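Structure first, then comments.
We just call them A, B, C and D in the order they show up, numbering each chain from 1.
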Amino acid sequence: MAIRANPKLIEELETYGAQDVSKCYHCGNCSATCPFSQDPYILPRRSMRSLQMGLERKLEGDLEPWLCYYCGECSQECPRDAEPGETMMSLRRWLTSRYDFTGISKLFYRSWRIELAAILLVAMLTGLGFFLFGLSQGNIHHYDGVNAFLPGEKIHFFDWGLAIVLLVLLLTNCARMWWFTIGRDKSKRVPLTAYIKSAYLLPMHFMTQMRYAKCERKRPWVIHLILMLSYVTMLILIMFFVKRMAAGPAIDWRVHAFGLAATVGLLGTTIFAVRGRIKKTENHYKHSHETDWMFLILLIVVAGTGILQFILHRSGLDMAANITYVVHLMSVVPMLGLEVPFSKWSHLAYRPLAMYFAEIKAEAARAEARASQGVRAPQAA
Amino acid sequence: MEDLKIGVYVCNCGTNIAKVVDCDATIESASRLPGVAIARPYKYMCSNPGQEMIVADIREHGLNRVVVAACSPRMHEPTFRKALQQAGVNPYFLEMANIREQCSWVHEDGAVATEKAKALVKAAVLRVARHEPLERRSVDMCPDLLVIGGGIAGMTAALDLADAGSKIYLVERADHLGGNLARVDLTAPYLDSARDMLTDRMTRVVEHPNISLLLNSEVERLEGFVGNFQATIATKARNGNAADQVATVDVGSVVVCTGYKEFDASRITHYGYGKLPNVITSFEFEKMLREGGVETKEGKAPQYVAIIHCVGSRNLEFHAYCSRVCCMTALKYAHEVKSAVPGAYVSDIYIDMHAFGKGHEDFYRRSSEVKTLFLMYAKDDYPVIRRADAKDDCEMLIEVNESLSGETIEIPADMVILMVGMEARDDWADVAHLVNISGDKDGWFIESHPKLDPVATTTDGIYIAGACQAPKDIPDSVAQARAAAARILGRIAKGKLEIDAVFAEVDEDKCSGCRMCNELCPYTAIEFDAEKKRSHIISALCKACGACVAACPSGAIAARHFTDAQIFAQIEGVLA
Amino acid sequence: MADKKLQIAIYWGAACGGCDVSILDTNEFILDVDALCDVRLWPLAADGKYKDVEAMADGELDVTIMHGAVRNSENEHMAKLLRQKSKIFVAYGSCAYMGGIPGLANLVPREEIFARAYLDNPSIEPGNRTVPLSETTVNGHDLEIPKFYDRVYKLDQVVDVDYYVPGCPPQPDQCKAAILALVGALTGTAEAPPKGAVVGAFDRALCDDCQRTKTEKKIKRFYRPWQIMQDPDTCLMEQGILCAGSATRSGCGVRCPNSGIPCRGCYGPAPNVLDQGAKLLSAVSSIIDSKDPQEIDQILEGLPDFTSFANRYGVPASLLQRSHRQ
Amino acid sequence: MTFEPKIVGFLCNWCSYTGADLAGTSRIHYAANVRIIRVMCSARIDPTFVLKALHDGADGVLICGCHPGDCHYSEGNYKMMRRYPLLKALLADYGIEKDRVRLEWVSASEGQRFADIVNDMTERVRALGPSSIKTALATDMAER
């Protein structure tokens, strides 16, 4: 059955940051240089082709964009400057907005003004909420203890509340991703055993990003890994140890050591990334979408205010620490609440998931090939 | 006949020959051969002293035949012929024995090589004894020309030659000049106007005092041979009552520039040409552009325009060859559609993109930048065009098995432009017959040599230029036309046509008129005189291959300088 | 000389007798011959013994007309004997001139011919398969029959021949012309043709006399005469029917092609042609209309046993001789 | 002493003769048994030449022309190509071994190929032994 091509799709993708896709004439240099391009996942060429032709439905079900870590080699090798690496990036944005059923993602990606407004709005509401909350039950001069302005256990409760909302949103999107990429295609059944057999890949890719390590240049992987581990460390600290983190003024090295390390990791990598994007030092830093900037700035603010309140608190400047804390929350909440389900940060879920899906799909295809080899269709007499 | 006095000269070629072949023994054996008056060696026969030695011997000893045993005749035959001529002996009284390339350089054993050298020298001596004196002849070269076809190639050739002073008869079948180019709007890759290009030329042709322009005319008959053709040209009367005019003119050369016709798109049923109103050919689209607007039959601006390449070209069902101009023309259309309907989406459905010419690759890149969607299909796997359903936002849908993605897709279209290929004109065989040239299996006229002589044909004096030889774009047609003009001017400049002394002749006393030979000559040099019932060879056209000589069943044709007697003597010689 | 009748002999070697008939076919002209000549030997028409010939003085005969090839020792003996007794020795007819139909036997060795004729032939009564021997002893008597040679020879391979009259048989008109030429030469009323001349024939090929329309030739398929409805006005070769006319001397009056039968070449090669078969081969294959080796082979399948056709009357006269000998 | 066959080679001027010259200029050594006669085109090679060479005592005949499609005279080599099968049939009827006469296409750039053909043909003809064509008739006449 023929797939209907939509010549207008390229134009749509341009709003997600795609450039020069139509320049590609399929020499295949990009796929030859990409370490991940391996049957059945030919990247980035196949995605370029589907995109040129406007095969929307097929693109929705493609995993290839997620299998790319954007080392940028393909763009460098491209004889026509068709920027395949950036195209993969914009496809990830487009896919993110497709997975997101709320339509918010689409709004954010297509208009930085809307995203910025949303971030500011959420920040303001968060700030106002926590400030009023703090005043209503605590003392702004107390950072910790009985009268603490923003007591750890309450914040902890809020954390979990937010986490559950985010999880629901994220999981719904992940479910949609599964439906597009695996569930919808009735012709290729993936057996349950395949899901179980390869389940280990999910945490492994999440934690190690070992695929990224296969890219020719290792530094982007190290940076990315440090950032990700710092983030996860911080997340764990906040989700489980927020009370101890807030306690003071004595330093509790059991948590603070991790907290400091994570902060250094976060600040170091984000500053590196910002510098890189300004100076365009790396291939994947050459093109920066507005969402990239917002994400980085939020992350810097989150990490910066986090360490600042820590320092202020230890210095005995509790009120300043509390205000910083509110500012901190004003950046944390939009980052988690908006970036994770609807924008750039969502790839923390989609990418490992895509690796996992890719493996089980490939495995299913191999199994099918083995089966069909065993029973050849009889030749016509 | 005077007594044979053969001089045999064995060259040492420094040590090249003497190192392996025993030159003294060779001379000794040669000196005992019948008719040999003198036999001597020299270090370098081709050197001036070597040649002078031959001249001196001829004068002193009255030699009337010379054998030089040295290198390949392909190297120094002209050198020694000149020496003979200098000494007053017919240059064809020379025979060379190739004892370097065929002896000393290829055999190690001196004794074996010497034996072979002796045999080759003997063959040469026996052969030269049967040589006949031959004279080069020359015939007059008429400087006037006939150019058949008034397209870009024909006009270019005519103008170049007319500027150089020749009288040109430019014969055009239609009532206007310009040929197929007159049907074109802009040209790829620089998007120049074809009209501008033509107007200048057409005006010059019409006004040129040396060009006699014959519109509504056809060549009816061409007789004669290079330098001396007589062409009969019939000109249709303007009004029905008047009689057609027939004129006979003398010309020295003919340039055939009869061009091409476009492929009939309705032969490919998949495209629905003739049934779907908005499936049009490239020439119909050109007409639309020349008239100034891109719109569908319903008068709307098309949102989706699809261009299908290789219509009639590059497939086994119709024509296996590439028509060469369609790829760039299609890209040109992409630009022209975009400029006429800025919001339109252009899909370019091709087999391979042939962007071989100057500026073409760049034009291809620029076309992709204006967001032309390039879709690739495989040869012989035609896209299929169907009417779209009511719910679709387009008029037609084209199903393509897209090769680059491996997907079968449907592309929306409101207008489909079929890039119809070039094919030989229906009456190519008549034209070929008229001027005595041949066409290949597709009807394109065959050139003398595909690489080294792409302008001349196997019939001397008949040249081809433009798309009648093969599909061609404008620069190539113009280049070929100018090349033809240059070739002809070179010959006109000499005034006379030199005819090689070596050619085949029919002995009319032996010819029985069986006509076995008539079809064998690739140069149509053999004429049949129906009244005398004898075949005759036009020596000016003969290239001396000898095919007719070998085939003549009654031995009535002789190859000058390669007669049966000469070759038989050689056979006897090498076997001695 | 004029008052004395010319002394002539007409003799045959390996021949069918058709040549004798061709002489008789000159009708009343034969009476003129009789008036002019004394026929001293003509086995077909008059009695004559070898011993009569042997008794003649050398050169006693003015002319010997010998037809037939030399197949056995008797043919050779008589050819040599008559040569010795004659002033002029004429090879008459295709067999004498070129070996003729008997000459086709040269393509195979004698043993094979004998085996075919006397041993393997299914019509031979079993138990009676005898091969003739030239010498045998019967009841104590030595018997001798002429020795059958391994090859057939044209006359000039055995004796010196002065003139040749080609044809199988020579046409009566040509026979007449040849005899008149000889008589003229002998009586001094006309110049003698040069020794070795072919008399009673013309110098061009048969096509010159053939009235069929000839155009340019290209052949896609060859036909045997019975395979095609023939156009009586068009060159047979152009219709794909192999005809040797273009490679054959004219003089016969184009009788075969006029009757719808292709020329088989009995008048021998055109002057200047060394090998009639090779020339016909060269001409015929040159006009095949194909450039594809496989198609060429396929077209040539239409020419079965080309060798026997092209050399039908001239295997002994061919440049090639069978190479393998027993 | 080993039998050294005498082979007559008929080579077209434009491809094969030039190819043989190239073997020379490239100093490619090959058997000395082929003696070359130059003709302008393989189409000039009358089958009579082949018969004449065999008749005069050649042990083999080599015919070389341009590769099909490459003829200097456009189509001359096709004429030889058409004559060759019929010639081979004729030779076979006269009892001449098929390896004695050979048609090969040699281009001007194929010096090595020419040398290889000569060597191969020489070996094959050597294996066949001397041709009896020239002597057969005389021997028979003497023995008859």
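Descriptive notes on the structure:
In the analysis below, a contact is a pair of C-beta atoms (placed from the backbone, for glycine too) under 8 Å apart; a residue touches a chain by one contact, two chains touch by 3 or more.
The structure presented is a predicted model; accordingly, all values stated were derived computationally and were not measured.
Looking at A-B and C-D side by side, the one with more C-beta contacts is C-D. Distance between chain A and chain B, defined via averaged C-alpha coordinates, is recorded as 67 Å. Centroids built from CA atoms put chain D at 32 Å from chain B.
Chain geometry summary: the mean Cα position of chain B and that of chain C are 51 Å apart. Residues of chain B in contact with two or more other chains: 520, 547, 550-551, 564, 568. Shared interface positions of chain C, defined as residues touching 2 or more other chains, are 273-274, 279, 282, 286. In chain D, the residues touching two or more other chains are 43, 46-48, 52, 75, 79, 83.
The touch graph of these protein chains has some other shape, matching none of line, ring, star or complete. Of all possible chain pairs, the ones that touch are A-B, B-C, B-D, C-D.
Residues of chain C that touch chain B in their complex: 203-208, 214-218, 235, 237, 245-247, 250, 269-274, 279-280, 282-283, 286-287. By the touch rule above, chain B contacts chain A in their complex via residues 304, 345, 347, 353, 364-365, 368-369, 371-376, 397, 399, 402, 404-405, 407-412.
Considering their complex, residues 6, 8, 13, 17-18, 20-21, 23-25, 27-30, 32, 35-41, 43-49, 52-53, 56-58, 72-76, 79, 83, 115 of chain D touch chain B. Touching chain D in their complex are the following residues of chain B: 72-74, 98, 100-103, 105-109, 112-113, 115-116, 119-120, 123, 458, 502, 520, 522-523, 543-547, 549-551, 559, 562, 564, 567-568, 570-572, 574-575.
In the complex of the two chains, the chain A residues touching chain B come out as 1-5, 7-8, 10-11, 20, 22-26, 46, 49-50, 52-55, 58, 80.
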